[in-house]
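Dumping the structure here so I can ask a few things about it.
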Amino acid sequence: MSDLMGIAVVTLMIWVGLFGYVYRLDRKLSRLED
Amino acid sequence: MRVAEISKLTLLVWLAAVIVAAFFYVHAAEGFIGESSRIVFFHVPMAWIAVLAFLVSCITSVMYLRRRDPRDDIRASVSAGLGLLFAVLATTTGAVFAKIMWGAYWNWDPRQTSITILLLIYAAYLALRGAVDDPERRASLSAVYAILAFVTVPFLVFVVPRIYWSLHPDTIINTRGANEFDSRYTQVLLASVLGFTGLYVWLYTIGCRIETIRQRRRQEVLDV
Amino acid sequence: MWRWLSEALAVAAKDLRTEFRTRVALNSLGLFALTVLAAVSYTVGPYRIAVEDRPFLLAVLLWIIVFFAALAGLDRSFVKEEESHTAPLLRLAASPAAVWFGKLVYNLCLIYALMAMLVPLYCILMGYKIVLLPAFVVILVLGGFTLAVVTTIIAAIIARAMTRGALFSVLSLPLLLPLMIFLIQGTTGASEGNAETVTNTIRAVLSMGGIMTIVSAVLFPVVWNE
């Protein structure tokens, strides 16, 4: 069961990390466009 | 833009919830080895988004050929790139799934073959774009290719698997055939597809904005 | 309506006449096919493959030779117009639809000539037994047609892209892979005598060929007038 927990946590981390990266990119773009 | 901010946050929470649900809310499905059925929650939406992205690329290519708006060309190339990205992700998750289910990462079963061909087709699209210098010519030629490319997609997605099956019946188990999913499974799968669609839309708009700025910069350099 | 057709046939006739004189494409296609056939026949031969695997493996080898020979020679139709700078003249002389159809007929002649030479030779040298012979011929005809349709439009695209060579294969081959899969399956079926497989294949190739023909006919003017 802890294996599953591990994979779940990693996946979650990947997603949150990815989201953060794209969000920052989004912000930067908005600043460039204005 | 409060609406935009809220929707992005919703996306974050939505897909996070999908991930949690995929691992803890749903029970491992029957007919699958171990917990491998959970991969499906990511693999299927990725494949679906890849096809959606290629469809968008085809449609915007048609629009480009009709009204010659350079923004349509941007949309077509961005969507094709995203389609390629999601296709690669789908292939990778599919290979992991294949390893668990059938012992090998790659055995050229019909769907693996189809997705490989798709990767080759759209990689060729990018190669074509790289080979033409003149922007208008590049846009028209790639638009034509994007349309031709998408014509093969229905054959790859629907016809090839059925034909391949009769050639190598021992290597394939049709995972779509395992349709006795409980309702939780379908709920999470649908939620995942929705979430990934949202992610695609977001990435698509960002890609278009990046490309637009890039082209504007290039234009400014030329004007000076 | 008939003017369009006569223009197209004139384009095809001109290309075929030039080809007959210089034999560039015929050499690329023919020599490639014969060389590979000789190599395969020598190394694999009629005896090396187990009898139960023959229908499938020999189908695979046959279509690989045909497809790669086609990729070696079929881009000539448009590339030589660009090279000899006759393309603008052709644009003035004939309508895009006529040019497309004329070039298609030219490529069809090349492909069918290749098949006429290669296929009997292949079956003899490799000991390939075909049970459903008429079906096999139909598969060859339809397959060759679809192959010609796709390579014609791609050749037109790369001729405008100014970088020749590898790009033609890079663009054509992925689009042609589904077709190859169908053709291999159908040829296997024809060799084994499996009528159902053959009918499925013919249906699939017919629909793919039909759609590709319509789409390329519609899109060709865009490429040609770029």
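Assorted remarks:
First chain written, first letter: the chains are A, B and C, and each begins at residue 1.
Just so it is clear, contacts are C-beta pairs under 8 Å (C-beta built on N, C-alpha and C of every residue); 3 or more make two chains touch, one makes a residue touch a chain.
All of these numbers come straight from a predicted model, not from anything done at the bench.
Within the contact network of the assembly, the step distance from subunit A to subunit B comes to 1.
Chain nearest the geometric middle of the protein is B, using mean C-alpha positions. Ranking all chains by how far their C-alpha centres lie from the centre of subunit C, first place goes to A. Subunit B has its Cα centroid 19 Å from the Cα centroid of subunit A. Once the centre of each chain is set as its mean CA position, subunit B and subunit C turn out to be 31 Å apart.
Computed centre separation for the pair subunit A/subunit C is 48 angstrom, with centres defined by C-alpha atoms.
Contact with two or more other chains is made by no residue of subunit B. Across the interface of their complex, subunit A is touched by residues 8, 11-12, 15-16, 19-20, 22-24, 35, 202-203, 206, 209-210, 213 of subunit B. Against subunit B, in their complex, subunit A makes its touches with residues 4-5, 7-8, 11-12, 15-16, 19, 22-23, 25-26, 29, 32-33. On subunit C, the positions that touch subunit B within their shared complex are 56, 150, 153-154, 157, 160-163, 167, 170-171, 173-175, 177-178, 181-182, 185, 188, 197, 200-201, 204, 208, 211-212, 215-216, 219, 222-223, 226. Across the interface of their complex, subunit C is touched by residues 65, 113, 117, 120-121, 123-124, 127-128, 131-133, 136-137, 140-141, 143-145, 147-149, 151-152, 155-156, 159-160, 162-164, 166-167 of subunit B.
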